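After this come two complexes, each holding chain A, first together with chain B and then together with chain C.
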Partner chain A sequence: MFAYTARRIVYVIPIVLSVALVCFLLVHITPGDPLVAVLPADASQELAAQLRTAYGFDRPLPVQFGLWLWRALHGDLGSSIATGRPVLSEVMRAVGNTVMLAVAAAMIGFTLGLLFGLIAGYFRDTWVDKVATSVAIAGVSLPHYWLGMVLVIIFSVQLNWLPAVGAGPGGSGAWAWDWEHLRYLVLPAITTSVIPMGIVTRTVRALTGDILSQDFVEALRAKGLRETEVFRHVVKNAAPTALAVMGLQLGYMLGGSILIETVFSWPGSGLLLNSAIFQRDLPLLQGTILVLALFFVLLNLLVDIAQAAIDPRIKRS
Partner chain B sequence: MSIMTDAALQAAPTTKARGYWSTVARRITRDKVSMACAFILVLIFASALLAPWLHLADPYQGSMIRRLRHIGAPGYPLGTDELGRDMLARLIYGGRLSLIVGILPVILAFVIGTSLGLVAGYVGGKLNTAIMRTVDVFYAFPSVLLAIAISGALGAGIVNSIVSLTIVFVPQITRVAESVTTGVRNMDFVEAARASGAGPFTIMRVHMLGNVLGPIFVYATGLISVSMILAAGLSFLGLGTKPPEPEWGLMLNTLRTAIYVNPWVAALPGAMIFAVSICFNLLSDGMRSAMDIRN
Partner chain C sequence: MRNRKTNATAMMLAFALATAMPAIASAETVLRIGMTAADIPRTLGQPDQGFEGNRFTGLTMYDALTMWDLSSADKASAMIPGLATEWKVDDADKTKWVFKLRSGVTFHDGSPFNADAVVWNVEKVLKQDAPQFDPSQVGVTASRMPTLVSARKIDDMTVELTTKEPDSFLPINLTNLFMASPAKWQQFYDKAEGADAKAKSQAAWAAFAKDASGTGPWKMSSFTPRERLELVKNDKYWDKARVPKTDKMVLLPMPEANARTAALLSGQVNWVEAPAPDALPEIKQRGFVLYSNEEPHVWPWQFSRVEGSPWNDIRVRKAANLCIDREGLRDGLLAGLMVPATGTFEPGHPWRGSPTFQIKYDKPAAQKLMQEAGFGPSKKLMVKIQTSASGSGQMLPLPMNEYLQQALAECYFDVQLDVIEWNTLFTNWRRGAKDPTANGSNAINVTYAAMDPFFALVRFLQSGMAPPVSNNWGFNNNPKFDELVKKARQTFEPAARDAALAELHAASVDDAAFLYVAHDVAPRAMSPKIKGFVQPKSWFVDFSPVTVAP
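Coming up: the complex of A and B.
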């Protein structure tokens, strides 16, 4: 297990470096001058040149990348052009809210997905299966930002039960674990949970179907095992793949939260990314994407290791 | 032995075996869900294509006194938007851009990804490593994040949206194409073609392409659903087309302010995205099971 973990970690290093390279290059595929956001329209040539030197844009690209990477390794992702504050602290503060949203959505989506998937897989081609499969396919086909809007229309505009936007009463940034604050989490979390629910349902349904049609299940039943015992074997066999899919989905929720956070003005990393894009705040854009991508890589690594821990066959291959 | 062969040869014309693709076509035309989805898609495509000849209201012509009419208001079957423009006309015209931006990236990625995957899978070795490790880098980003990162860096615009979505889908299709190709490469008929002197290009084009295209095509059809959602999502954020162009994602964005006045009109463009997306998903599922002849 240790050898496998070490090997996996070594494999991740080139990925991390290439991710950093892609994030670095993002700023350089932008059309126009990266300084356009800070530079006043009537800035003199000297001021522009001065700022270019200050930000290091006058150096050759490989040198810039080296310097940027070196600073990034020390936790310095530069400072936001719009606010002047360090990018890393801005991102980290926002990421907390995104993690909270993703975890809440995962609890809803994974629970329902596992439930629907197991039921549908067990009762294949019955009406229960048809209902669960339809719910799942609707879940993966929904434009989730639109679902968010529809939920706001129903529960905020028409019924006036839940708040439409924000993460706390009065737009305050401080979070507290009480009903007043949790009310704000309900709609975004449900909206986020729909896609993972659909994907987990579909995966678990297919897995359960495959496992139930294998010979060993026949053997277990022939041996006289109770159906609850057989079920335990099915779950154990489905667990590694289901776990991998859920890990990936959690990563997608963390990294792909921008649309939902925009709909609900949820103050997470997605909303930060949104403002970085529209204020042309390139260091913030770069930093946010780098942090989110690294989270995703780390999560994939943890899932791989966890998968190998519960399924010894993976280590051997 | 020879008697049996003769008998088999004589029996052959009467029990003419159906070819693989005609069997698949027959199976899919018998699937009610797939056919219903295909019908809805044809309807949406045809109306978008023929929009100028459908005697619709002008999708750009607004009016301050006719803003946010309700669904079913006289003269406005689906109401009017926040600038008083006819919703029905805008939804139908909106299909033109929305469908292009949603589908073109998948077509481009299908062509590029299949070529890359085919070459990587067939040639193998260092070239395979180079292509597939590059693909891995893009897998280190969640697809929504990657699309928004590239679009955000390139700036708003239709072409930029198409470029960024293509970049998102190429690695996914390349991976599928590579794994299918690797599976086919070691089959006897490829070996036979090579033994009879066929060059690598001929083998790829004549002997392998037909065998790998099916699964890749099914995968790509499923991607259209994701692509529609992402493409409209980019416009929804303001990274796609610009007003006053009718496009479903952008319409959803500009109508967000109207949800307190006329909520259901505001939700209409999203329903169109959902309809196209779910139809492509169901069609892809239908094709997958139609091509799985074993069942």
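Coming up: the complex of A and C.
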């Protein structure tokens, strides 16, 4: 297990470097001026040149990348061009808010997804399966930003039960774990949970159905195991694949949804990316993409290790 | 028994009322505003995010030497004294101005406003070796006062400002230079950690942005980056008539129009900027109040005047201007939220002048002009317009351009649209019609603010403003414009300067220098509990007279 884990960690290094290179280059090859956030279109040529030097954009790209990577390795992602604030603190604050939203959404989505998937798989081709499958298809098919707007119209505008936007009455900086604050999380979490719920339902349904049709299940039943015991074996066999899917889904959610966070003005990484893109704030954009990509890589690593721990066949292969 | 019970109830009610009354009387009034910005505009004195930034974090917490009169909804907003009470250009050397400062003004931290503070604030953006020089504030400031080069203290309440050339627009441009507290900044600088003076300065500005200090009618009370800015009223504001009538103002960034509208309708905020157009009937039906007014903003096509451009023929430029049914655009597509543009400034504005070319919808006249220019139903004129799918101030760029495309087709134009991303379009605007980024376009659709003469006229009309210097994208080169710009810049008596600007504007309309289409009207929706608001003909508003009923 140690050797497997060490090997997986070594694999991560070139992935991280490639991610860093790609996210650095991506924002540089797009057309437009990187200083558009602080340089109005009517600024003089001298002023533009002065600011280009001040921000280091006059240096060759490889030098800019080297400096950026060196500072990033030391935990310094630079400062936002638009606000002057350190990128790392901006990103970490936003990621914290997105993690809160993602975990809440995962709790809703994964619980319902597992429940619907197991029920649908176990009672395959019955009306229970059809209902659960319909819910899953709706979850995957509905545009989540549209669902978010509909939920806001119903529960905020018409019923006035839940707030429409924001992350607490005093913002996320004054967050507390009480109903007064949690009510701000309800609508965005439900909206975010819908797609993972659908995907987990469909995956677990397929897995359960597949496992139930295998010979060893018949053997277990023939040995006289009770149906609950058989079901436990089914769950255990479905767990590694389901875990991998849930890990990927959690990764997507941790990346933040630009659309959902914009609809709910939730101050997470999606809204931060939205702002960085529209303000063309390159250091912020690069830093946010890098941190989110690292999260994704790290999460995949953890899922791989967890899978290997659950299913010994994986580490042997 | 019943009497005793009634008496007891009455006494309890009286007690409850007596204890509640002071609480009701002293209940804090809060104005909660949903902004269109995705982030709180910068709070350190020179806001980013264009004039929306100035509106919310500039003019609220800070003052400039000169200010805009925002008290009237009917008249064009005029420049008035601010932290300077009077100013005069030197008779012998027209590049030198003397500004007398307002006495008795203090910053929110209690330090005095004086000539040293003015010099310090000029140098924060113009003097590269000054400790407080901040490159991040330069771009948004220096371009708005392009001729200012330095400041010098004459005495405690008098400063001399120097421009690189005679420039009568300087007092107007100074509305963009906000006075931050040098004393407060110095406290942060002294405490800041950093490898060198530059790093310490950067750290001091970062700290200042979180705990800002200006002289404005509102003071910062708390700030959560990207989420909310809370301002409280400055009881000690120097203009007693403009001490805010509301205790607190909370600014919330809400870039999505539907989210802003939902926040208003659900009572989370009591004021939103630019509500979703589709929701206007519901907003009105629920008793919310809609405000709008003509804004100094123009939605145009800016023509290329390089060799071979079809717009070099004035008959073609005039025909395009006569072929657009602007009232139809307003009443249909834009649901009333625009003012038809007949120039950069509309009648009533001091810089409007008296153009002889009347911009209106006259299709037969437009068709006649096009036929005189050699075009007709069987020989259409192909024009290509570069525009964006979205962008600040662009209103509804694609549907509006498609409307123009259809309208102009009836006057023998074949309009092709080159749609690119907003920031790219904005960058191309500086590169000009000769640059490959123009992609063969012979007009560009970038909206502009028309608050001051440089932004509204000079940068587009003066030949010296052609790329890469400024925004004369189409390389307009009209000696008459150059002469009139020079005349306006060198006329220092305000009424005569305004007359010269009016002459320049009239000349630009007579030349059909743009395809003038629309002025934005800055729609905002508010709770009926908000009273006292006046929406001026400006990008800015005065929050001071606004009250919020409990």
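Quick note on the criterion: the second predicted complex is superposed on the first by the 304 of 317 C-alpha atoms of A that agree within 3 Å, B and C clash if a C-alpha of one lies under 4 Å from a C-alpha of the other, contacts with A are read in each partner's own complex, and residues count from 1 in each chain.
The criterion applied here is as follows: contacts are C-beta pairs under 8 Å (C-beta built on N, C-alpha and C of every residue); 3 or more make two chains touch, one makes a residue touch a chain.
No experiment lies behind these values; they were computed from the predicted model shown.
Visitor: After the alignment on chain A, I want to confirm one thing: do chain B and chain C clash, or do they fit together?
Guide: Aligned through their shared chain, the two binders clash on chain A.
Visitor: Which partner does A:N274 reach: the first (chain B), the second (chain C), both, or neither?
Guide: Touch status of A:N274: both partners.
Visitor: In the superposed arrangement, which partner chain does A:G251 touch: chain B (first), chain C (second), both, or neither?
Guide: In the superposition, A:G251 touches chain B alone.
Visitor: Counting only touches as set out at the top, which of chain B and chain C does A:I29 meet: first, second, both, neither?
Guide: first
Visitor: Of the partners chain B and chain C, which touch A:T201 in the superposed model: first, second, both, neither?
Guide: neither
Visitor: Touching A:I153, do we find chain B (first), chain C (second), both, or neither?
Guide: Touch status of A:I153: both partners.
Visitor: Tell me which partner A:V19 touches in the superposition: chain B (first), chain C (second), both or neither.
Guide: A:V19 sits against chain B, while chain C stays out of touch.
Visitor: Touch test for A:S141: chain B only (first), chain C only (second), both, or neither?
Guide: First partner only.
Visitor: For A:T262, select first, second, both or neither according to whether it touches chain B, chain C, the two together, or no partner.
Guide: Both partners, chain B and chain C.
Visitor: Using the superposition on chain A described above, determine whether A:T98 touches chain B (first), chain C (second), both, or neither.
Guide: Touch partners of A:T98: none, neither chain B nor chain C.
Visitor: If I apply the document's touch criterion, which positions on chain A are contacted by chain B in one structure and by chain C in the other?
Guide: 30-31, 149, 152-153, 157, 262-263, 274, 278
Visitor: Within the complex, which stretch of chain A touches chain B?
Guide: Residues 14-15, 18-19, 22-23, 26-27, 29-31, 137-138, 140-147, 149-150, 152-153, 157-158, 251-252, 254-256, 258-259, 262-263, 273-274, 276-278, 285, 289, 292-293, 296-297, 300 of chain A touch chain B in their complex.
Visitor: Once bound in the complex, which stretches of chain B touch chain A?
Guide: For this pair, the touching residues of chain B are 133, 136-137, 140-145, 148-150, 152-155, 225, 228-229, 232-233, 236-239, 252, 256, 259-260, 263-264, 266-267, 269-271, 273-274, 277-278, 281-282, 285.
Visitor: In the complex formed with chain A, which residues of chain C make contact?
Guide: 34, 38-39, 42, 44, 48, 128, 134-136, 138-140, 142-144, 146, 202, 205-206, 209, 224-228, 252-256, 258-259, 262-263, 265-268, 420-424, 426-427, 429-430, 437, 446, 454-455, 459, 468-471
Visitor: Over in the complex, which chain A residues touch chain C? Could you list them?
Guide: Chain A residues touching chain C: 30-33, 35-45, 47, 50-51, 54-55, 79, 81-86, 90, 93-94, 149, 152-153, 156-157, 160, 163-167, 170-174, 262-265, 267, 271-272, 274-275, 278-280.
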